[in-house]
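Heads up, the thing below is written out as C-alpha cells.
Think of it as A, B and C in the order they're written, each chain with its own count starting at 1.
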Amino acid sequence: MTRLSVNKTYKLYINGQFPRSESGRSYPVTDAKGDFLANASWASRKDARDAVKAARAAFPDWSGRTAYNRSQVIYRIAEVLESRRGQFEDEIRSQEGAAASLARKAVDAAIDRLVWYAGWSDKLPQVLGGANPVAGPYFNQSTPEPSGVIAVIAPKGPLLGLVSVIAPVITSGNTCVAIASEPHPLSAITLGEVMATSDLPAGVVNLLTGPQHEIAPWLASHMDVNGIDLTGVRDADLAISLEQAAAENLKRVRRSGVEDLFSAPDLDRMTTYLEIKTVWHPMGL
Amino acid sequence: MSSLTNSAHLGEVTNSQSALRNFLHGLPGVDQVGADQRAAALGTRSIKTSAKAQALDLAISMVDLTTLEGSDTPGKVQALATKAMHPDPADPTCPKAAAVCVYSDMVAHAKERLGTSGVKVASVATAFPSGRAKLEIKLADTATAVEAGADEIDMVIDRGAFLAGRYLQVYDEIVSVKQACGKAHLKVIFETGELQTYDNVRRASWLAMIAGADFIKTSTGKVAPAATLPVTLVMLEAVRDFHLATGSMVGVKPAGGIRSAKDAIKYLVMVNEVVGQQWLTPDWFRFGASTLLNDLLMQRTKLKTGHYSGPDYFTLD
Amino acid sequence: MTPSKDVARTAAAFEYAPAPESNSIATIRPHVGLFIDGDFRDGSGRAFKTINPATEEVLSEVSEATEVDIDRAVKAARAAQRRWARLTGAERSKFLFRLARIIQERAREIAVLESIDNGKPIKESRDVDIPTAAAHFFYYAGWADKLEYSGHGPTPRPIGVCAAVIPWNFPFLMLAWKIAPALATGNTVVLKPAETTPLTALLFAEICQQADLPPGVVNIVTGAAATGAELVSHPGIDKIAFTGSTVVGRQIAKSVAGTDKSVTLELGGKAANIVFDDAPIDQAIEGIINGIFFNQGHVCCAGSRLLVQESVFEEVIDRLKRRMAILRVGDPLDKNTDIGAINSKSQLDKITELTESGLAEGADSWSPECTLPAKGYWFAPTVFTGVSQANRIAREEIFGPVLSVLTFRTPKEAVEKANNTPYGLSAGVWTEKGSRSLWMASQLRAGVVWSNTFNRFDPASPFGGYKESGYGREGGRHGLTAYLAPTHFTTSGSR
C-alpha cells in the first residue's frame, strides 16, 4: 500500500504570516497540460487591505534600517533560495512544463538578481544623490528615499518575474504588496516561505494570489499606497483603469510592458519608487 | 530663549562665573547666514526724496567725529571740533555732529573749542585699542578723561578674557569703569572683528548691558573688519530684547568702515525696522566715523541743489 | 539708562517716501498673439484681457489658442525637434547661454513687467525671480554638451515635444524651469503660461527671436484651462511638465493613462515650518516671515503651517507679530514693498473663504494694522493661532499670506504632525542642534527640507515633492531625467 502524501496548502503571505484568504475561496492551479496541481488562495479586497496595512506598518522600520542591513537581508533571501532551489525547480517544471535546464536557469537568474539588487541598497544614495553646488553659503545635499508602500503586479512566470519586480522595490527601503502571476502563484507562496525565514521583517513583502482584475483595482485606488508597478497587467483596458485609479493620490506608476526577464536590468525599477530629498543647511561661523 | 523675556533673574546671573556663563551660553544662537541675509535685505530699502533728506540730517547729527591717531595734536582736534559744530559752514540749517571722539589727553582741547555748543566730547579709554593693561591703569585712564571734561567714555573690553571665557572678569571691569565714569556716559567697545562670531557678539552685548553700559559699540576702528551691517543687526536685536526684558534702553554705535551716506542710511533703516523709531536720535544711535561726514554733506548738497558736488567743496579736517 | 533732560531729543517717525520703479521700461502692447514657429500670430479663440491686479487696469489683450492653434504649435515643435536634437550639444549649449545673457541684459524690463502682470513686489521679481531664471538657463546651458556624463547612460536621448503648463505665481521663473532643461536635452517645447500672467512668457518669445533660436523650438500658446487641457491631450505631445494645483495635476495623470506620455508634476503643498526651543530665534522669525509672506504666500512650498515647540510658543508669537507689524503692503512697483497684490479676484476669494472657515472653526486670527489700497486685490498678512490639525486652514493649501500656527512638545510629535498631510513638498526645521536637525530632515516626508533657512532656490538644487505634491524633480542633474527618454515604461522617476 502506497503512502498517502501530505499536500501543501498554498495560503497567502501577509505580515510575515500565512493566512488563508479572508474570502475563504481558492482557485485550482493546473500544470502546463491542464492537470490539477493544487488550490491557491483567492485573495479578496480585504486581504489586499490587510496587506497594505502590514506594508505600511513595516515601512518605518524597514526604510529606517541601514542600507547595509537591508542589503544583508536581501542577500540572505538569495542564500535561502539557493538552499531550497530544488523545490523551486520542481515547481517551475510542474507549473510551466519547463525543461529541467530551463527551470535551473530561471532559478539561477532569480538568485543572481536578488544578489544584484541586494548590493544596490547601499549604492543608490551615492549613485543617485550627491552634493549640489548652490550659489550661496549652504551645505546642500540630495538623497534618494523610498516612496513608501508599493503595489506590484508581477508578470507571468513562477519565480523570476516575481523576484525581478519585488527586489528592486524593497532594496531601497520600500515595502510592497505583490499580486503573483495568476496562472503561476504556487512559487510565490514558496518564495514567501523563503522570505519568512530570511530575516526579512514581517510586512516588508506581502504576497497575494488570485485574479488580477479583482485585486489590483483595490490596490490601485488605495490612498495609502504610494506607487504601483503594472508590469504584469496584460489587459490594456485594465492597465488604463488602474493607471487612472492610481492618479487619485498621484501614485508613482510604472506602466505595463513586455520585457525579457533574463536580460540584465537597469536602474529604472528602483528609481521609479524613489523620491529625491534635498536638504539645505547654512554654513556659517 | 525664554530667558530673554524673564528679567527677574538678570540680577542673579552675575553672582558667579558659572551662572554668568550659563546665562550667556543660554542665549539663543545666531545663524550667521540668516543674519547676513537679513542685514542685506534691509540694505535694499530705497530711501528717496524727503526720507533721504531726513535720513541725511539725522545721520549727520549722529556722527561721533573721530580722530584717534598717534599724530593727533591740539590743532587737529580743535579743527575737528569746529567741523563738528559747523559741518557745513555755508549752511546754517545743517545739523551739528553728535560728538568728537578723541584720546583722553586731547579731551581738554576738544572741550575748550566745543564749549556749550551741545556737541559732546567722547574719549576712548581703558588702554584703547587693545585693552591690554591692568585694571588700575584702565581706571586711571578713564579718570583722566572724565576729569578733563569728557561727556562720554568709549572703553574697550578685554577680548582675551572674553574669548577665554572669563566673563565675570569682563563684567567686573565694565562695572568698575562705569563707576569711574561718574556722570559721563559709558560706551563699551567689543572689537567685533576679534570676537568673530555673532554668538559672541550677542553674548558680549548682554554682558555689557547687564554691567550697565549706556551704549554698546562695535569696534575701535583699528581692527578689520570693523562695523558691519550684520554685526550691528545682532547688537540691535540684543538691545531690543534687553529693552523688552528690563524696560531700559541702550544705545548702539557702529564704528569704523562706514564711509558713505548710502551705507549710513542702511544703518538708519536697520535701526528703524529692528528696534524702532525711538532709537533714531543721537541719544541712542551714533556713527563712529571721520570721512563719512563729508559724504553725508555732499549728498545733502546734491539733494538741495539738484546737482552732484565734489570733495573740494567740503572741508578736510 | 535714560538720557538727561538736556540731551533728550524726540525721534521723528522715519517714513520711507514712495520709491516706485518706473514702469516705462516695460513696453506693453495692446494686443499680443501666439508665438508659433518663430512668429507671432493671432489665435483662433476669443482674445482675453490680462489685468494689473494692483490696479485692476487692463494691460493687454491676449490671444486664446484653440485646438487648431495647438495643433499648429505642436507640429511646429515636432518639425523643429528633429533639427534641434541633431544640433551638437555644444551648439544647443550656446543658444541657451545666449538666452541667459539676454535675460540678464533685459532683467529690469522683465522684472517690471512681471510685477505689473502678477502683482508681486518689484524687489522679489528683481532680486529673486529674474536672476534665478537667468541662472537656470546658465546652469542647463552647461549640461547640453555633457549629457553623457549625467548618469543617464552613454547615449541619452531627448523625449521629443514637451508640453509645459505653468502657474501664475512665478511666471517667468517657472518658464525657465521648464524650458531650460527641455532645450538642453534636445527637446522642443510648447508652453502655456497662466491666463492671468501671460506677458513675460510673450516677452520671452521676443527674446527667443532676438537670440535667433530656430523657429518652433519654443512655442508659446496663451489661454485658460481649456487651452491647457487641449495642449496636454494632444497626441503629438511626448512629455508633459506641469506646475500647478494638485486637482489639475491629478486630471493630467488620469488623462495620460494608456498613452506613452511621460509626466512630471509639481503640485501643491502645506509645508510645516518647525521651530524648536533652541532655534536661532531671530533668523527663525525671518524664516517664518519669508516662508509664508514671500510672494504673498502664492508659493507651493510656502511654510504655511508653523509648528512651534510649546515651551516657546508665546515668545515666538510675540516676536512674529512684532515683525509682521512692520511688513509693508502695497504698490508692487515700490522698491520698499514687502507684500504686493493678490494675483486675481478668484484667488482673493479663495483666500477669504478659507480664512473665514478658520474663524468659523474657532481659530484666532491676527493681522497688523495696515491700510490696503482701495483698488486692486489685497489681503493683509494674517496669522492664525489656536489652530488644530483638523481645521481646514491647517490642511488645505491657502496659497495666500495666511499662516496657521500649531504646537508640539517633542521632536517625534513634530514629525508626526508635519507628515500628517497628503502633501510632501517642503519643510523647515529650526534648531541649533546639528544631530537633531539631521534626524528631523531624515524623518520628514518632503522633497525639500530647509534647515535653519527657508524658501531657497537654486538651479543646481533639485526641487519637487513626495506624495500628492507630485513627482519628478526640477533643477540640478536630477532635473534632466524628466527630459531624457526613459529606458522603460515609467511615468516618473528620480534618476
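The criterion applied here is as follows: contacts are C-beta pairs under 8 Å (C-beta built on N, C-alpha and C of every residue); 3 or more make two chains touch, one makes a residue touch a chain.
Bear in mind the structure is a predicted one, so any value in this text is a computation, not a measurement.
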#### Entry: Nearest-to-centre chain - CA centroid comparison
C
### Summary
Greatest number of touching C-beta pairs links chains A-C
### Query
So what's the Cα centroid distance for chain A and chain B, whole Å?
69
### Message
Taking the mean of the CA coordinates per chain, how far is chain B from chain C in Å?
### Response
42
### Message
For chain A versus chain C, what separation do you get between their C-alpha means, in angstrom?
### Response
37
### Query
What are the residue numbers in chain C that touch two or more other chains?
452-453
## Note on the structure
chain B residues touching 2+ other chains are 31, 33-34
### Query
Among the residues of chain A, which ones contact at least 2 other chains?
136, 138, 282
### chain C-touching residues of chain B, taken from the complex the two chains share
1-2, 4-5, 28-31, 33-35, 37-38, 44-52, 54-55, 58, 185, 212, 214, 237, 248-250, 268-269, 272-273, 277-284
#### Entry: Of chain B, residues touching chain A in the complex
31-34, 36, 196-198
### Query
Which residues of chain C touch chain B in their complex?
1-3, 7-19, 123, 127, 277-283, 286-287, 311-312, 314-315, 318, 326, 335-336, 432, 452-453
### Task
Provide the residue numbers of chain A that touch chain C in the complex, in ascending order.
127-128, 130, 132-136, 138, 140, 142, 144, 147-148, 226, 236, 239-241, 243-244, 246-250, 252-257, 259, 266-269, 271-272, 274-282
### Task
Can you check the complex and tell me which residues of chain A touch chain B?
136-138, 282-285
